[in-house]
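Take a look at these structures.
Both complexes shown next keep chain A, but they swap its partner, so chain B is in the first and chain C is in the second.
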Partner chain A sequence: MATVGLTDVRKTFGRTEVIHGIDLEIADGEFIVIVGPSGCGKSTLLRMVAGLETVSAGEVRIGERRVNEVEPMDRDIAMVFQNYALYPHMSVFDNMAYGLRIAGRPKAEIAERVRAAARMLQLEEYLDRRPRQLSGGQRQRVAMGRAIVRKPAVFLFDEPLSNLDAKLRVQMRLEIKALQRELGVTALYVTHDQVEAMTLADRMVVMNEGRAEQVGAPLEVYARPATMFVAGFIGSPPMNFLAPADLNGAAAPALLAALPPGTAAIGIRPEHLELVPADRAVLSGSARYTEALGAETLIHLARPEGQTLTMRIAGSPEGIAPDAPLHLAAAPATIRAFDREGRAIVPT
Partner chain B sequence: MEKRVTFRGWLLPVLLLAPQVAVTLVFFFWPAGQAVWQSLFIPDPFGLSAQFVGLGNFEFLLKDPYYRASFVTTAIFSSLVTLISMVPALWLAVLADRLIKGSGTYRSLLIWPYAVAPAVAGVLWLFMFNTRVGVIAWYLGLLGYDWNHVLNGTEAMGLVVVASSWGRISYNFLFFLAGLQAIPRSVIEAAAIDGARFWKRFWTIVFPLLSPTTFFLLVVNVVYAFFETFGVIHTITGGGPQQATTTLVYKVFADGFVGQDLGSSAAQSVILLVVVGILTVIQFRWIERRVHY
Partner chain C sequence: MAGMVEKRGLGLWLTHLGLILGVAVIAFPIWLAFIASTVSQPEIVRPPMPLLPGDRFLENYRDALYSGVNVPVARMLFNSFVMAMGIALGKIAISLLSAFAIVYFRFPGRLVFFWLIFLTLMLPVEVRIVPTYEVAARFGMLNSYPGLIFPLIASATATFLFRQFFLTVPDELAEAARVDGARPMRFFVDILLPMSRTNIAALFVILFIYGWNQYLWPLLITTEPEMNTIVMGIKQMFPAGDDVADWPVIMATSILAMLPPVLVVMFMQKLFVRGLVESEK
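Right, the complex of A and B next:
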C-alpha cells in the first residue's frame, strides 16, 4: 500500500563503499526479491530501507516520502528476520501484540487483530505458548504474524526461510506468496536462494558486489541475463560458458558466423543442449556421470579441451554409455553471447 | 546409548571426588560443627575451661538490643550495597553497550576499580572523607556541611556503603555488559521496528532478557555485602560510631576476637549460617520463578 523508491543509494563503512548506487522503483503491491551471493550487500540494502542502517548517499522513499532520516518505527514497515527475532520471554499473543500495544491501540482491537492474524497463519492454538515451545515453522509464522498485525505499508523479509528444512521452506514459500497476494502489501524480500527468487518475485534484483546487475521479471532474467554473473547465478545447474573457439563440431562454422561481433563468451543453458548426429553437432564431449532425478536427467560431460558441461534432458533415457562420445547442439536463439566485460550482447 | 560416563570400579570415582570432599569437610563442615558445639558453652576468660549453657548464648543474644540493632544495620547495609553496586553498573553497561567508538578504553577504565582490594578501597575512601585531612570532607566544609563520620552514624553508614559498592560496580558492570551483548541484536531491532523507543525497549525487552544475569548478580552481591565487606568496615569505621556500622559478620569478629566472648561469637556464627541459608532459599525459590531463561 505504498511505493518504494531508491535513488542512487550508497553505503560506506569507513572508507569502503559496499553498495555502489542502487536505483529501484517498486510499484504498490509489488513483490520484489533481492537475490545475490553472500556479502553482495543485499541485506545491507534491505536494512537501509528498514532504517536499521544509515543511508550514506542517495535517497530512500516510502510512499513518495523521503525516509533517509526517519526512524524505523515511523517508516510504516514490518520486518521478518532470518532468526525470527521473537521476544523469547513473551507468549505468541504478546509477541504479535507488542507493536499494537506500543501504538496504544485499545485492548479489544489488539485482541481482534492478533486473533485474525493467528487464524490466517493457523496459530490460534499456540497463542499462549512461548517461542521456545514452537517448531521452526511455527516460529516463522509468529514472525510473519507480528508483521501482519501492524498492517504496514511495506513488508521486509531478510532471508526468512534459510533456517528451515527443505520441505518446510517450500511450504512457507507458498504461504508467504499467498499472504502477500491476499494482503496486497508491497514486499521486499532478500534471499541467496535463486529458487525462492524465481518463485516469489514479481521482479527480481540480482546483486553482485554492491551493484544491481539486473532488474527484471524472473523469466525475463532467466531467458535474457544481462551479464555472465546473472547467467551463472540464476538457474540450477548453472549456464554453461564456452569461448567461441571451443565450438568445433561439424555445424560450428555456421553458428559462429551468426554470433554478433565482439562475442568473447557464449552461454548455453543445460536444458538447451540436445543430442544430435555428428554432422549437425557444434560441440562434442563424453559423459562422465549422469544424475537421474526421475523427471529429468543431468549429464555431466567432459570435453577434450578439459572443460565440463552440464546438460539436462527430460525423463531418464537408457543407453548413455560412460565415456561414449556425444554430439551436441543448441538452437541459435537459445545461445547467449557476452562481450569481454561479461555483458550480454543484445542482438540487433 | 548411555550418555553419562560410568565407572566400573569404585576406587577411581572416590579418588576423583576426594579432594573436593576433603576441602568441604575441613574448611566448612568441621568449622561449622565447631561453631555449633562452641555456641553451647561459655569459656572462662583464660580459655582453660568451658561451662555448658545449652541455648543460653542464643537466649542472651536475642534479648540483646545491640545484637538486634546489628540485624537492622545489616539489612540496611546489604540492601544499600546491593542496590548501589547494581543500579549504576547496569546504567553504565547500557551506555557502554550503545558505544561504538572507544568502547574498549571505556570498558577497561570501568573495570579498574575491581582490581583494588577491599581494605585498600576502604583506606582510599577514608582518606578522602577524613574529617581533618580528607579532600571531600574539606570541600563539604566549604559548602557549609560539617562532615564527621566518626561521630555521625548515618554518615558512617553512607561512607562504608559507598566504599563497599564502589569496586563492586566494576564487577557488576562486566556481567551486565556481557549479558547485554548476549541479547540478539535482531530482537532489539525488531522491537525498534515495532515502535518501541530506547527506554521502552529497555524495560520491555532488554531488562527481562537480562534477568538471569540480574538474578545471579543479586545473589552474589548479597553474599558479598554480608561477608566480604569486613575489610572495608574494619578500616573505615571499625564498626562504629556506637555500633552504627556493626554488621552481623563484623559483630562476630568484634565479640569473639576483640571481646573474647567466644561462646556468643560462635552462637552468632550459627545464626548467620541460618540467615544466609534462608536468604538463599528465598532467592532461588521465589525470585528465580520470575526469571526468564
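Right, the complex of A and C next:
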C-alpha cells in the first residue's frame, strides 16, 4: 500500500525524447489506467516506475521515497507482463514462490502464502503443473499470483489481457478489478484498449506521443475530453468532428451563435445525434450503411461535403432507407468545441 | 496415402533390399575389424581372411586392455575419456558464460568481443597448430591433461549456438526475474541453465565425440605412451620397420575405441534429438 508520484518524468533514447515530462500523483489504493495508441510511450512510462528502464529526468517516488536509482526488486512492486513471462521449467508453485525464495523467506511461510494466493485465484489444483500445460487464462492467473504472493505496495500491469480471447478478457478484467479492491493495493495498468480503461480505472491517463493529454475519472474524460485526440480516442465509435461551417441545417445559425468564440472544430458523440424534422436540423446526410447490433444500431452517414458521420440509435434500424436524406440535430449542451490547436474550449 | 499403398509388394522389398545393401557396405569393415579381434595372428595373415568370429575373443581383449602394444589400452581409454569429457564440459561451460555475457550485458567492446569469438571459427586447430604447440610447450603442458584439453576448449560454435538460443528467450523472462529479485548469476543458474538443458545435452554429445576423435593435437603434444589417447594410440601400435604387427590386439583396440562414442549417443539420444528439434518455451 503506497502512493506513487511522478514529477516531470522524461525518457530519452539517444537523442530522441519519447516521454516529454509526465506529472502524476497516485493515491494509496487507487487504480490508474494509462491508455493510448501504440508507440505513445505508455509502456515505457510503466517500465520506468518498475525500474526496468532508467529515468532520464524527473523523479519517480513510491511511498514518498525517491526510487530513480533503486533496483526493481527493492521498489516494493510486482509486475504482470503481457506474455505472462512465466518460467517455463518451473511448476506453478515454484513460479509463484521464486521471488520469496530469493528473498530468503522460511519454507513454511512461502508454502502458506503461495497456497493463499492459489486459493484466491482458483489455481490450487494446478500447483504441480508446468506453465505450458495451462490455458491462457490460467497462465494469466499464475502471473497475477506471482505478483500477489510478494504482497507489494504497487501492482504494475503491462497490457496483461491482450493475449487472451475476447470472452476471457471480459472475465479476467472483472477478476483483476475485484482482486485489486480486495487487496486494496495501488495499481498502475497499461492498455491500448479503451474499454479496459473505462471499466477498470478510478482515474485514467490518456497518453499521446509521450504526453499525458488528460488525467481524470473515466466518465469525466468521456464527457469532457480535454483535447480532440482524447475525444477521438475514447469512445467507440469515436466522436464526430466537424467544422462550424459544416453546420448548414435550418436550425444551424442559432447553434453557431451559441458556440464559444475561437471555435475551430466541434465534436458530437454518435449517441448525441438524433433524427429530427428538417426545420429543426443542424446537419443533414444520407444513410450509407447501417450496422444493427441488436440493442442499438450504428448508422454511417455520408454528407454532401464528403465527410462521414456516425450516429447511434437505440433499437433496430426500421424505417431508415438506404440513401434517404436524414436530418440531424444534437442538444447544444452535448456539443464540444475545440480551438485551432485541438484543445477543448470550456464555456465560462 | 496412395504412395504408401503402392509401396506394398515389390516396391517394399526393393526398398528394403537397397537399405540392407547400404547397411552392409557400411558395416562390413566394422564386422571385419571385429572378426580380426577374435582370431589369432596367423589366421589373419593367412589368406583368405576369416569371416566368422574365432575363439580368441577374451584373450585378445584381455591382452589389449591390460598390456596393449606400447601401453595398456585401458590407460589410453582413460586418457581419451578425460580429454573428451574435459573438452566437452569445458567448452559448454565457457560458451554458456560467454553467450550469457554477450546477450545479457551491455559492456564496452561487446561487439568487438563477439566478432573476435566469431573469428576463431575460421581458425581450426590445424591452422593454428604450430603457435598453439609453442604456447602449450612454454606453459609446460606437454604430456599433460591440461595440455590435451585447454587449447581445444575455446569454441565459437557453441558460443554462437547458445547466443542464438538466449536470443529466443523472451526479454520479459529476464525482467520478471529482476522484479522477483534475482541477480544476474542467479537468473543464469535458476532460469537460463535449466531452459538450455536440451541444448546442453545435444552439444555434449557432439563435443564428446569431437574430443574423443581428436587425432592431430594429441599426436603432437603427447610423447610419452602413458599420455597417448586411444585414437592416436592405434596409429602408434603400427609396427615400425620389420616388427610384426599384432593385428588381433590392434583390431580389439579399434573396437574398444568405437564403444564410448556409441554409448554416449545411445544413452543421450533422446535428449540429443529433442535438443536439435525443439526449443522449450
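Criterion: the second predicted complex is superposed on the first by the 347 of 348 C-alpha atoms of A that agree within 3 Å, B and C clash if a C-alpha of one lies under 4 Å from a C-alpha of the other, contacts with A are read in each partner's own complex, and residues count from 1 in each chain.
Here is the rule we use: a residue touches a chain if its C-beta (ideal position, glycine included) is under 8 Å from a C-beta of that chain, and two chains touch if they have at least 3 such contacts.
As the structure is a prediction and not an experimental result, all values here were calculated from the model.
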| item | value |
| --- | --- |
| Clash-or-fit label for the pair chain B, chain C on chain A | clash |
| Contacts of A:Y289 with chain B and chain C, given as first, second, both or neither | neither |
| First (chain B), second (chain C), both or neither touched by A:P72 | both |
| Touching partner for A:F13 - first (chain B), second (chain C), both, neither | neither |
| Touched partner set for A:L52, first chain B, second chain C, both or neither | both |
| Chain B versus chain C as contact partner of A:H89, first or second or both or neither | both |
| Shared contact residues on chain A - chain B and chain C | 50-52, 71-73, 77-79, 81-83, 85-89, 98-99, 102-103, 146, 150 |
| Chain C to chain A touching residues, read off their complex | 170, 172-173, 175-182, 186, 190-191, 194-195, 280-281 |
| Touching residues on chain A, where the partner in the complex is chain B | 50-52, 71-73, 77-79, 81-83, 85-89, 98-99, 102-103, 146, 150 |
| Complex contact set, residues of chain A against chain C | 50-52, 71-73, 77-79, 81-89, 98-99, 102-103, 146, 150 |
| Contact footprint of chain A on chain B as seen in their complex | 184, 186-187, 189-197, 200, 204-205, 208-209, 211, 292 |
